[in-house]
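Next up: the structures, one after another.
Here come two complexes built around subunit A, the first alongside subunit B, the second alongside subunit C.
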Partner chain A sequence: MHRRINLGLILITPGFVFIFMFLIFPIFYALGLSFFNTNYLQVEGFAGFGNYIRILLREETANSIGRGLLMSIIAAGFTMFIGFWLAYWVNSRSGIMAMSLQLVGLVPWVMSMVVGALLWKWILAGDLGLLNHLFRTLGLPLVNAFGNKVSSMTSLIFVVSWRTIGYSMVMLLAGMKTVPQELIEAAMMDGAGILKQIFHVILPLIKTPLLVSGITVLMSNINNVTVPMVLTGGGPVNATNVVALELYRMGFVNSQYGMASALAALVIIINVFLIAGYMRVVKWHF
Partner chain B sequence: MKKLLLMLLIIGFALSSISGAGSAETSSVGEKKVVRMWTFLNPEGAESGRNLALKKIIEQFEAENPNIDVVVEPQQWDVMTNKFFAAHQAGNAPDIMWVISYDLGTAIEQGMLADLESLFLDDWTEEEVSDINDSFFRWGETDGKHYQITFSRNYFSLIYREDLIKKYNIDFPFKTWDEMIQAAVKMTGVDEETGIMRYGLGQSFGLGKVDPPIFTYDALTHQPDIFNPDGTADWTTKEMENAVARMSDMVKKYKITPESAVNFDIEDVYQDFMAGKYAMMTGASVRIPALRAGANFDPESIELIHYPGDGTADFGQGLFSGWAVSVWSKSKVIDEAGKFLEYMMSPEADKLWVLDGGQVPIRKSTIPALGDFFDKPENEYLKITAEGFTNYCYATPTAFPIPGWREDLNAVAQDVIYNNTPPLEALKKVEKEFNTRVGK
Partner chain C sequence: MALLGNSGKHKNILLIVEILILLFFIILNIVPIFWGVLTSFKNPRDIAAFPPKIINFTPVIDHYITVIKGGIFKAMVVSIQNSASTILFGTLLAAVSAFGFDRYKFTGRKFLFFCVILGIPLSVGSSALLIPNYLYMITIGLTNKIYTLPLLYITYNLPMAIWILKGNIESIPISIDESAKIEGCSDMYIFFHLILPLTKPALAASALFLFIGSWNEFVTSSVMVDSPHLRPIQLSIYNYLGFFGREWGPLTAAATLAIIPIIIIFAFLSKLLISGLTQGSVKE
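What follows is the complex of A and B.
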């Protein structure tokens, strides 16, 4: 028994050390820094809750949190909707198309976010982009994907969703594979159409993977700084300046590390709520 | 107790192996010393001129100094200096650092950089010092000590296509901003050969990768500085207001810049310029070799000129910029790092920066040493750059921090163009934000 404990300790220690160094320690370091005035990264005296007060008094803080949540929720909803239907389609087929879709669907999730966002920027951008080239060829009016607030936010939601659809599809597909076929057949015998089968049989039985992937996608969206930074740069006029990007700017552009740490603490709180939801869903009650 | 001891041992072992892996690069391996350098260049990456020059310099240095390895850790240019500040606090900064011009003063003030006198300048003859003694060398000079050598010397001004200037029979160079606008209007239209809608002037106001917006230079034609001596912003002047209004007219009234520029970043403009979307653009002199390499029109037609002035002087002000290459004050291989920095500006290396990298030389002696290289038509932009450094150049202050000023001024452009906010109102808003940020 002792040996097993020691072996266990040895096996988990490297992982624990990495998590401590690159996750736990930075979180507490940032929390500590949020209570100090900083000149770049040089600590220049205790600020108490000064950084938090300054952060909360800034109009852009609330706006960027609002935008971040709006973008994340809509994108996550879109992702789950499309991901579900793709999973449903794949689950009902077994040919090469279904297999290919599973493989291709995961590519956006595993590829570099910078590369993905840049590709979409080049496709959507201006009159030299691929999309407008296609529209011009077809005689359709050109679109200005990043030229106004609504189109910029729409483009951002689209690209953020594109990145996560494959992931949700695979998660939901795994859930659907566990649904007993006889239940579907029984529902069909009772005269249930596709929608009734989905709402009364499939969805209740895949509730856990549905919620787990939904929360994971939501957290991924809220903390995503790469896609908004590369795709829209937060503009025009802050229209796509989501909270993750605002946090990045405050720290790495304006060098306000104390305030950035305070904002990071607020973002951590949002994440903690989501993590609590996640843990509850996977039935880890505490 | 035994269990606790075992756990502590395991954690200690894991920690030492992790930290050991990191510090092995900075410390000596046997007799061999490793010098780490952070730069946006990548000698093993794409064969751009500057990458190639750096690669050759490292190879030559290592051949002459077999006991020193130079390891380049390529970085994103726009966050590299902030990472350096963080790494300095963590005690793991690179031995040689390329510091962005706007943060040089803060880096010196916070004791991050070693003075070059103690590294090698004290051993130089007066003649040698005089060979590199110019305004770049004196940049950031504090209490008679120098902390950096400026590489990748950059001049932000007007990049243009000479073929279009000739085609449209335009009087050149422009003496005033209005002359420039009228020329841009003439060159705006659908390109007959490519079918691309070409605009007279490419600019960007997005907050991705940013350069100062054009109205900065327009204002600097009329006011000597955009910062006050106490470190506050001086942006709510009549000159700035007029310059912002003129910039807005370029987009809305004259339509020489597309309105979508509110969300372009400067890299988009470089890309589109190479594709033929613009006749002129605001940009950096160091990018001209890359623009020529990627242009889908006659690359030799890409040239550089100073910004126009107000008609009284020959030209207006461009912006000086460059990378302050310095040695980290806490480096464990500080002498070796100093040696490599000294080598990077040796007469041999300086020639490589010019010939392969398309850069303006650091040493005065390099110009005669390269004979008629600078007189070749394709190198005219280097002469314009050197002339700009001497006569038409504004350098941002180093005596106080000015973080985020370029983003602030681009936000003004967005606010005025997109929201129709009056220029003075938009300027007041960001001036207040900037002053609050720097604690004034």
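What follows is the complex of A and C.
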């Protein structure tokens, strides 16, 4: 392995420059900028913690963070739970259902979020949507999926989970395939019921894919701007204005870049915990 | 689940419930596409009809003509350009980096590789970085250029691509390199003529991630480019939402055009996608 010392460094430099310049460095740039006053795009002097105080005094800051976390955690929990059962089922079967479930499972994940959210908006929205057609056929009262706080948030959580269920299923299924069938059979012989098998045999053995996919889904939800933007636009009023969307609006609609950098720094702190978790569980060592 | 049933009849009912639940999930996954494609071929009266028309309508292509006149092909060309350059430079950079990380020892190798892996969750959270990235790109004058989006898309998907390729190069026995060395082959010859051909599936998997990442990306494009001739497909669809409002015909037509390439590629390469996704969390 030990060849010329510098060639390896030369080979990794171009790729690394990209990652450093556009992924790692901007974090520090944001942290720095959050301590300055900005007027549109001009930096106008040191602000200390001014931006932080200003965003913390806004009621919408805490509210949007709360909404963002609520939406992300519920959606991720839902995704992991359903993803687990689908994977469990597919793993124990073969045949056309298992095949098609695997095949279509990733479709929502490879579809762009703009298109996914747009198509669901069309299904859920108004009297002409497919959902209300279905309810009308079944004789149920019609729903207004984006009409009130609760229904709007429910729709958002639904679409956000819909997007990631297939991904978690694929990840967990790959993990389950490595669990030796004899272990499960041995547990069954010992009289372990289905829940015991899951909690004492399967879950401990698929810990890595479980945590990797769980953290990835949670992160992708917290940082999801597109789905709330297309599906609900944050409304009604601010009911689905999650923190990622609030951040986007503060910066790109209201041009309050100093404050937005401070809010970005807060969101980055949330992300740092999740990234640290990811780096701990993922198997990256040489 | 079937284990819960004791009697044969009980078992059958459970099996039916099970199958219904799974069928529901299969339908849930594809119903938006199905309904969207159907809507895109209906005239406005059929779109609004109740009961909803599934087959009993005359397909029309008016909505496609509307969005084509609205410049959707131009946007598709931009997206194709972005994706092509992202795939080309992304896989090349990733392959070279992965080769460097796997076959050479150098100071800081572990730390630098750590930073690359760190890039994977970082790019998942890239929208939190959008504000800083935007201000930073403005400062260095890189916004609203033809290469702005490819540059960012390469970066966001590079960590994953490097990782997929590193995992693959790892599995190629080092003895191949060594014997080639003895024969007098240069390092670059080994890379291009021995290693690269052996990593074809991993190269394809990386290319797939780069493609999906660049074709589907929306939020970054919505702030980083401004000129109409630089707007990719997802941004155009978002703009149609404001423009067409509740006219679902043109909207679903645009959406259908945008998912065609993804669905075609997914149909052929879903195995590769899964192998890439599960990298690092499942031992092969």
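Quick note on the criterion: the second predicted complex is superposed on the first by the 272 of 286 C-alpha atoms of A that agree within 3 Å, B and C clash if a C-alpha of one lies under 4 Å from a C-alpha of the other, contacts with A are read in each partner's own complex, and residues count from 1 in each chain.
Just so we're on the same page, a residue touches a chain if its C-beta (ideal position, glycine included) is under 8 Å from a C-beta of that chain, and two chains touch if they have at least 3 such contacts.
It should be emphasised that the depicted structure is a prediction, and the values quoted were computed from it without experimental measurement.
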Fit-or-clash call for subunit B and subunit C when the two complexes are aligned on subunit A: clash
Touching partner for A:81 - first (subunit B), second (subunit C), both, neither: neither
Which of subunit B and subunit C A:147 touches, first, second, both or neither: first
Partner chain(s) touched by A:251 [first = subunit B, second = subunit C, both, neither]: both
Which of subunit B and subunit C A:232 touches, first, second, both or neither: first
Subunit B versus subunit C as contact partner of A:199, first or second or both or neither: neither
Partner chain in contact with A:273 - subunit B first, subunit C second, else both or neither: neither
First, second, both or neither for A:100, with subunit B first and subunit C second: second
Which superposed partner A:213 touches (first subunit B, second subunit C, both, neither): second
Touching partner for A:42 - first (subunit B), second (subunit C), both, neither: first
Residue contacts with subunit A in the superposition, subunit B compared against subunit C: C
When the two complexes are fitted on chain A, the stretch of subunit C hitting subunit B, from 61-69, 97-105 or 187-195: 61-69
On subunit A, the residue positions that both subunit B and subunit C contact, one per complex: 5-6, 9-10, 14, 16, 18, 21, 41, 125-126, 128, 229-230, 251-252
Interfacial residue positions of subunit B with respect to subunit A in the complex: 3, 6-7, 10-11, 14-15, 18, 79, 82, 85-86, 88-89, 103, 106, 110, 196-197, 205-208, 258-260, 262-265, 268, 272, 275, 277, 401, 403-404, 407, 411, 414-415, 418-419, 437
Subunit A residues touching subunit C - in the complex, by the definition given at the top: 1-12, 14-16, 18-27, 29-30, 33, 41, 82, 86, 89, 97, 100-101, 103-108, 110-116, 118-120, 122-123, 125-126, 128, 130, 133, 136-137, 162, 165-167, 170-171, 174-175, 177-178, 194, 208-209, 212-213, 215-216, 219-220, 222-226, 229-230, 244, 247-248, 251-252, 257, 260-261, 264, 267-268, 271, 274-275, 278-279, 282-284, 286
Residue ranges of subunit C in contact with subunit A within the complex: 1, 3-4, 18-19, 22-23, 25-26, 28-33, 35-36, 39, 47-48, 50-52, 93-94, 96-97, 99-107, 109-110, 112-136, 138, 151-152, 154-156, 158-159, 162-163, 170, 174, 187, 212, 215-219, 222-223, 234, 237-238, 241, 246, 248, 251-252, 255, 258-259, 262-263, 266, 270, 273-274, 277-278, 280-283
Residues on subunit A engaged by subunit B in the complex (per definition of touch): 5-6, 9-10, 13-14, 16-18, 21, 39-42, 121, 125-128, 144, 146-148, 152, 229-230, 232-237, 249, 251-256
